[in-house]
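A, B and C label the chains in the order they appear, each numbered from 1.
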Amino acid sequence: MTDFGEDDFFVASLKGVILNINPSARIVDITHRVPSFNLEAASFVLFASFSYFPPQTIFLVVVDPGVGSARKILLAKTKNYYFISPDNGVLTLALEEEKVEQLRRVTNDKYFLPDQSRTFEGRDRMAPTAAWLSRGISCEEFGPELTSYKKLRAEKPQIRGSEIFGRVLYEDKFGNLITNIPVDLLGRLQDKTGKGRFVLSVKGHEISSFVQSYSSVKKGELLFLAGSAGTVEIAAGQESAAVKLKVKVGDEVRIKVKDR
Amino acid sequence: MTDFGEDDFFVASLKGVILNINPSARIVDITHRVPSFNLEAASFVLFASFSYFPPQTIFLVVVDPGVGSARKILLAKTKNYYFISPDNGVLTLALEEEKVEQLRRVTNDKYFLPDQSRTFEGRDRMAPTAAWLSRGISCEEFGPELTSYKKLRAEKPQIRGSEIFGRVLYEDKFGNLITNIPVDLLGRLQDKTGKGRFVLSVKGHEISSFVQSYSSVKKGELLFLAGSAGTVEIAAGQESAAVKLKVKVGDEVRIKVKDR
Amino acid sequence: MTDFGEDDFFVASLKGVILNINPSARIVDITHRVPSFNLEAASFVLFASFSYFPPQTIFLVVVDPGVGSARKILLAKTKNYYFISPDNGVLTLALEEEKVEQLRRVTNDKYFLPDQSRTFEGRDRMAPTAAWLSRGISCEEFGPELTSYKKLRAEKPQIRGSEIFGRVLYEDKFGNLITNIPVDLLGRLQDKTGKGRFVLSVKGHEISSFVQSYSSVKKGELLFLAGSAGTVEIAAGQESAAVKLKVKVGDEVRIKVKDR
């Protein structure tokens, strides 16, 4: 996963490097279209997809606004997976879900390309590290242990009084607005405030169709539902909720229970 | 093939699910850039590419405006291939070319992911079905037999009097306009109307350069030819015919024979 | 690598053809988003990525404004790699880096698809040739030897007086402007003009921050550095230098040494 786009030579260079070291590596693209330097979006896309991959998958995540600076390169081993990325917070959401067993700072230039640029460490340092790791080199080899890694300040949704306060975390290709409010939280709100109908408020709009699937409403009608990432999602029947509502990533979302 | 785009976590989730079930599956992208919910475009792109793939390929086609609704999930076994998709007509053009041997409604949740969302059946039901099928589970296992599948109302080109009437079926990246008029039909028109020069009319424009290849004309000159999908295609030398002609998918195309 | 884009059936058709002939072929995309018919951009992207791939890689490069015309199909065997493309100059920069051992004109229709269109030779001639080559058919089999191949007129950077004159060769996704000035040339300029500070001029702007990495400057500040393709690159801290400077591919770039 990168923010390199697909127009240039960047992604291909990474794949070439990996296959040169491990010709039998299986390479699967998550996406290379993360908005440039957007660590929050990258963190979310990784979070929403990584757990579907087979155990022992190595996730190479190169969204790296600080390339060439003193920021570390991180190798994280969890119960199920490996992650390699700049230590800039991009792993925040994924590592919250996983039991982290080992953190390393990648420094061993024995596993880097011989000629290293200061502008493309994804190709020259991170990709070869991932490839050697896939060949069975143990984590210890790549550099010294770390006790912590950088985390994005990820504001958690909260129940205050009779309302849940959360935020829009991601806008997908269809214009669906994925929030940071876990669907489970709705049950906790009900326990607290009594049974009733959920109503979602965002940017002055009130949406009351809390449904099971996108096709439960007419074309263009606003709805919210339990999204495929496990959180509340705002959508519109076969249209873009983002366009209809003029809502953006970061905007506040509130959910309350209305008496029947 | 999907309409998921490549920005989000959707395609990667499908691939993760497949590789988790069958680590040796070969996954090839047809495209994920079908215009959202556009079944006609999806049907055409599949039609134009599927027959180049090796026998026994499993085509997983997730363009699914009705996700979560009562629409069925379809498994079609043909003489050469397997197809899995929502039963919404997206297979129309491909299945017209193939001898269909078996149709099944995919219902067996033994082969679905344990936690199923109502918003992402591509990931939770169709991808795992494709993966298990690739591991050798037989079609019978996935659900009851069907006697028919949904078809798009695909208007056929017609010869009326001395003219062929067809439509623009697809606009490709280069702005070439692919029609639904099989090249063979031109011969039948000639048999009927006598020898002469073909002339194509579309949106008030008359094009008389019926040539062998794009490079047969000067830059910007309009032409029509036998396209790579086997039908008549309207193009312009190194430019976009769609832009030049202001023609869109669905617009009528007529071809007649002009006396020499 | 192609200029086919990813929306249509073109790339998938090529992959199907290859896998049908050689089911164990490993296919890696370089990019399919070369601007339509842009041989200079294609030549650069190939140049910047090919050497990272494993020895014996077959590069299939289909950017083909002259499809269907008399232009030849070229097979080049170098010390490390194979290249198949229209003979239109698209291999210029890559082949300058490699020791060419054999040039062939691909003509043997035994290795083409049986039904050949005149509009899609990538699918019908070049892809099957690449696939058969990957199965071990020797170069000699594909057609007669050639003594030369078409080259793009690639203007070399020059030192004139106390200045290097070069051009912008490529604009990447981040808006970085990659020039054709090898970083080594800066040392030769210093040898000639004496020690001092490098200053780069482009379209009336003078840039004096010659730094090691993008993160050496503040957000938005202009810089130039040794880019990942081995040439001088103009950039701006986390912004697009192309947008800031209104500079395009082809624009002149000058570098001189200023006395301290």
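Details
We adopt the following convention: a residue touches a chain if its C-beta (ideal position, glycine included) is under 8 Å from a C-beta of that chain, and two chains touch if they have at least 3 such contacts.
Fair warning: this is a prediction, and the values are worked out from it, not measured in the lab.
Chain contacts here are complete: no pair of chains fails to touch.
Overlaying chain A onto chain B using CA atoms gives a rotation of 120 degrees, to the nearest 5.
Homomeric contact chain B/chain C: same residue numbering on both sides for under half of the interface positions. For this pair, chain B with chain C, the centres built from the Cα atoms lie 32 Å apart.
Annotation for chain C: residues touching 2 or more other chains are 6.
The touching residues of chain C, when paired with chain A in their complex, are 6, 26, 28-34, 44-46, 48-54, 57, 172-174, 212-216, 225-229, 233, 238. Considering their complex, residues 4-13, 15-17, 19-20, 23, 27, 36-37, 65-69, 117-120, 123 of chain A touch chain C.
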